[in-house]
Amino acid sequence: MEYAPNKDVIVKRIARIFHSGDVVNLGIGLPTQVVNHVPEGVVIILQSENGLMGLGPAPEKGCEDWDNVNAGGSPITVQPGGCFFDSATSFGIIRGGHVDYTVLGVLEVDQEGNLANYKVPGKMVPGMGGAMDLTTGARTVICSTLHFEPSGKSRLKRRCTLPLTAAKEVDLVVTDLGLFQVKDGHFVLAECFAPYTPEWVKEKTDADVVIAPDCKIVNLD
Amino acid sequence: MLEKPIITAQEAAEKVKDGCTLMSGGFMGCGAAHTIIQALKAKGLKDVSLISTDTAMHDLKTGKVTGIGHLVVDRCFRKITASHIGLNQETQRQMNAGETEVELVPQGTLAERIRAAGNGLGGFLTPTGIGTEVQEGKQILNVNGRDYLLELPLKADVAIVKAKKADKAGNLIYAGTARNFNPMMATAADLVIAEAEEIVEVGELDPNHVHTPSIFVDFLVKAERLEM
Amino acid sequence: MLEKPIITAQEAAEKVKDGCTLMSGGFMGCGAAHTIIQALKAKGLKDVSLISTDTAMHDLKTGKVTGIGHLVVDRCFRKITASHIGLNQETQRQMNAGETEVELVPQGTLAERIRAAGNGLGGFLTPTGIGTEVQEGKQILNVNGRDYLLELPLKADVAIVKAKKADKAGNLIYAGTARNFNPMMATAADLVIAEAEEIVEVGELDPNHVHTPSIFVDFLVKAERLEM
Amino acid sequence: MEYAPNKDVIVKRIARIFHSGDVVNLGIGLPTQVVNHVPEGVVIILQSENGLMGLGPAPEKGCEDWDNVNAGGSPITVQPGGCFFDSATSFGIIRGGHVDYTVLGVLEVDQEGNLANYKVPGKMVPGMGGAMDLTTGARTVICSTLHFEPSGKSRLKRRCTLPLTAAKEVDLVVTDLGLFQVKDGHFVLAECFAPYTPEWVKEKTDADVVIAPDCKIVNLD
């Protein structure tokens, strides 16, 4: 079996997790693209940790309002029925369990549910921003990542080696190979994305993977 | 209601002393007091301890700088307390070179620590950071079976905040996501200087829509520079 | 933005179960959900644990009752957590007779405990109550040489709050001092029912002036009774 | 010397303590009347702990807005430049030291600066309301009280016997006999109100009173 990185299947699969009314925070980068794949008829509410409920699409060029930006500092619009608040309130919403899903990027994620995504000591220290509060506070923590590093190593680990963003907070990991639940100290492969096979995924992952008895093969193309 | 002095950005900058602790509102430059920041840059500031959610942007390739990033580039800070410095390459360079001390704080914890200082709380228990480097050196308390970090208040000598509208008494209304850290910072500093795009007469703001009550604001500055 | 169901006060009352913990906004009746309170009175409620800043008014001489006081008179509560019961003589009578358990909490501590529950904090340190009966049974922590009480979060099964305006998504705007405890309570209960004097279409409220974001509100009720 | 209770001198004297711009919280009852005696030209800002900065006078009859009440539940107006906030913010303002003066009533106050004013066990238990936060948080705590109980006993004590509202928080006590500072475990009589004499006040007070070397005789009529 040959592996070709495919970010599309990751965001497509995550976008199908939500139900109407869910409050969702999408991290910068890959997670942001999830919003483009939410099925028609499903109305989610996007929270932006810099102080907004009801994040809308980017404005047309020339229509930017620089008082309205997302957590990456890019201009955004507001959905009808959205509202603004200060950062203490915003993280009160996050920490208080009022955000249903947070979707984050990954440097490493391990079978205990630990996530490392904010720091490579000595190399890259951007700071945790809101990621630690989001992983601690959101009801369901979804990690989105290509299954393999450019070097070919699996990003799903037995044990993270980088400084942690969150300890034992990860619920789901969606890669371009499949959807994994974190459970009892291992990854449970609940869905395997075609054309890969559960056995191949298990073999290529440098962590303890249990193939769920009802593991489905899903085609997301 | 008494009116607050409306001063120039230069006069405001004079009130920010070398060596002080400074809070600056704004998120990646959005909602920062750009006029005062430029006056601080012109004045030259030394040895200041900055508290800010981030250090805005500085791109080494394009040379583009925004918000409080202008003062980072000028080496105004001996210490920076922030949640995110990823879009300011100069902050990272200074940190890695050991030129500037950088303390990274989770963004929600930072907001709450500033609020705690302004609200007279001695600290608060948060689950954020448990099991990470953030817990190092901090007291852990278990409440009803869950571990929490005890986080302490964070205050400053001076805060510069940015509002959309102020009245002459000092009541402030923010716009959109430019609100961010400004309201908490306005409560947590000995001296609060508010830059506003528009300054109206006392009585013109709807008392139900004021975000920062007038009593927190010491001086007003009319915004002249709006770009990030 | 999805719309929230608009239900009758009677339907709202059915959602408040005997034996539950109930938060009710309002200060001496100002800003209480009077329509829902009357429906709860009509329904008859038993064994409820009430959290409210006060129990409004009940004057034994004139028989005048306001706000949540109507439910006190009907003996709906097994426990009342409040900061002030001085204007409700029936609450005091029930407490002194041992009929109803009353826990008195300083008003600022009560507000902050509710906020802590809604904001996911495990507790906070306050100087309020140090050296008084309020400190009994509580942990005292010393931070930077000052003693503080560790106060814990306070949450509820149901909160009934009262707004001036709501949009159909559930965003709320309060008026004047009728805001009081309503915004915190809306964050700290599993089920939140908001009574509003006016319910407008989604998009009609200025997103800068919303006091309670829509996501906190589960059901809306149109206010029909405004008097205290 | 004969004693006649005189509430007027108490509120008159307290009203002269303030400077323009001071943020003041006036308790229910006697303290509320202080506002009527603030000298012309002095503009203070009244805070009401139920969520208001800029408390104005009571509305004319028929003009009551029942969304706007004071901490006693009575209808009020708002000064131009006033604003509303929720109770958490209100007590943040109080606890955070942003209220310059709080003026409260007294059941007992002692020379250690302890105040009891919220509870007579078994008899009267209204609850502390905001009084504990106000006494802890306000920069200067002023107690206002008739000097004597109806029984003739001094309300200024060596040691409070009732449950405390605040421990060692009282700064000033203004009675109808004089103005007292609480200092180093005793009351310092800083001003004595005519027609009384400092010696008479000291003798009649059931606590340690030191007459300030520069104690003034003040006529407040």
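The letters A, B, C and D name the chains in turn, as written, and every chain counts its residues from 1.
Methods note: contacts are C-beta pairs under 8 Å (C-beta built on N, C-alpha and C of every residue); 3 or more make two chains touch, one makes a residue touch a chain.
It should be emphasised that the depicted structure is a prediction, and the values quoted were computed from it without experimental measurement.
K.L.:
Keeping to the contact definition above, tell me which chains border both subunit A and subunit C.
P.N.:
B
K.L.:
With respect to inter-chain C-beta contacts, which pair, B-D or A-B, contains the greater number?
P.N.:
So, comparing the two chain pairs, more contacts are at A-B.
K.L.:
From subunit B, which chain is the farthest off, judged by mean CA positions?
P.N.:
Max centre-to-centre separation from subunit B belongs to D.
K.L.:
At what distance in angstrom does the C-alpha mean of subunit D lie from that of subunit B?
P.N.:
Chain centroid spacing, subunit B to subunit D, equals 36 Å.
K.L.:
What whole-Å value do you get for the distance between subunit C and subunit D if each is reduced to the mean of its CA atoms?
P.N.:
29
K.L.:
Please tell me the distance, in whole Å, between the geometric centres of subunit B and subunit C computed from their C-alpha atoms.
P.N.:
Whole-Å distance between the two chain centres: 33.
K.L.:
Identify all positions of subunit D at which a residue touches two or more other chains, and write them in rising order.
P.N.:
78, 84-85, 91-92, 94-95, 136-137
K.L.:
Can you pull out the residues of subunit C that are in contact with at least two other chains?
P.N.:
Residue numbers touching two or more other chains: 112, 115, 119-121, 126-127, 174-176, 207-208.
K.L.:
Check the chains against each other and report every pair that touches.
P.N.:
Chain pairs that touch: A-B, A-C, B-C, B-D, C-D.
K.L.:
For the complex, give me every residue of subunit D touching subunit C.
P.N.:
48-52, 65-73, 76, 78, 84-88, 90-92, 94-95, 114, 122, 124-133, 136-137, 163-168
K.L.:
Please output the residues of subunit D touching subunit B within their complex, sorted ascending.
P.N.:
20-21, 23, 43, 45, 53-54, 78-85, 91-98, 136-137
K.L.:
Give every residue of subunit C touching subunit A within the complex, in rising order.
P.N.:
So the residues of subunit C touching subunit A come out as 1-2, 115, 117-121, 167, 169, 171, 187, 202-203, 205, 207-208, 210, 213-216.
K.L.:
Please name which positions on subunit B make contact with subunit A in the complex.
P.N.:
Residues 27-31, 53-54, 57, 82-87, 92, 95-96, 102, 104, 106-109, 111-112, 114-115, 126-134, 164, 174-184, 211, 226-228.
K.L.:
In their complex, what parts of subunit C are in touch with subunit B?
P.N.:
Contact set of subunit C toward subunit B: 112, 116, 119-127, 141, 143-144, 146, 148, 150, 152, 173-176, 207-209.
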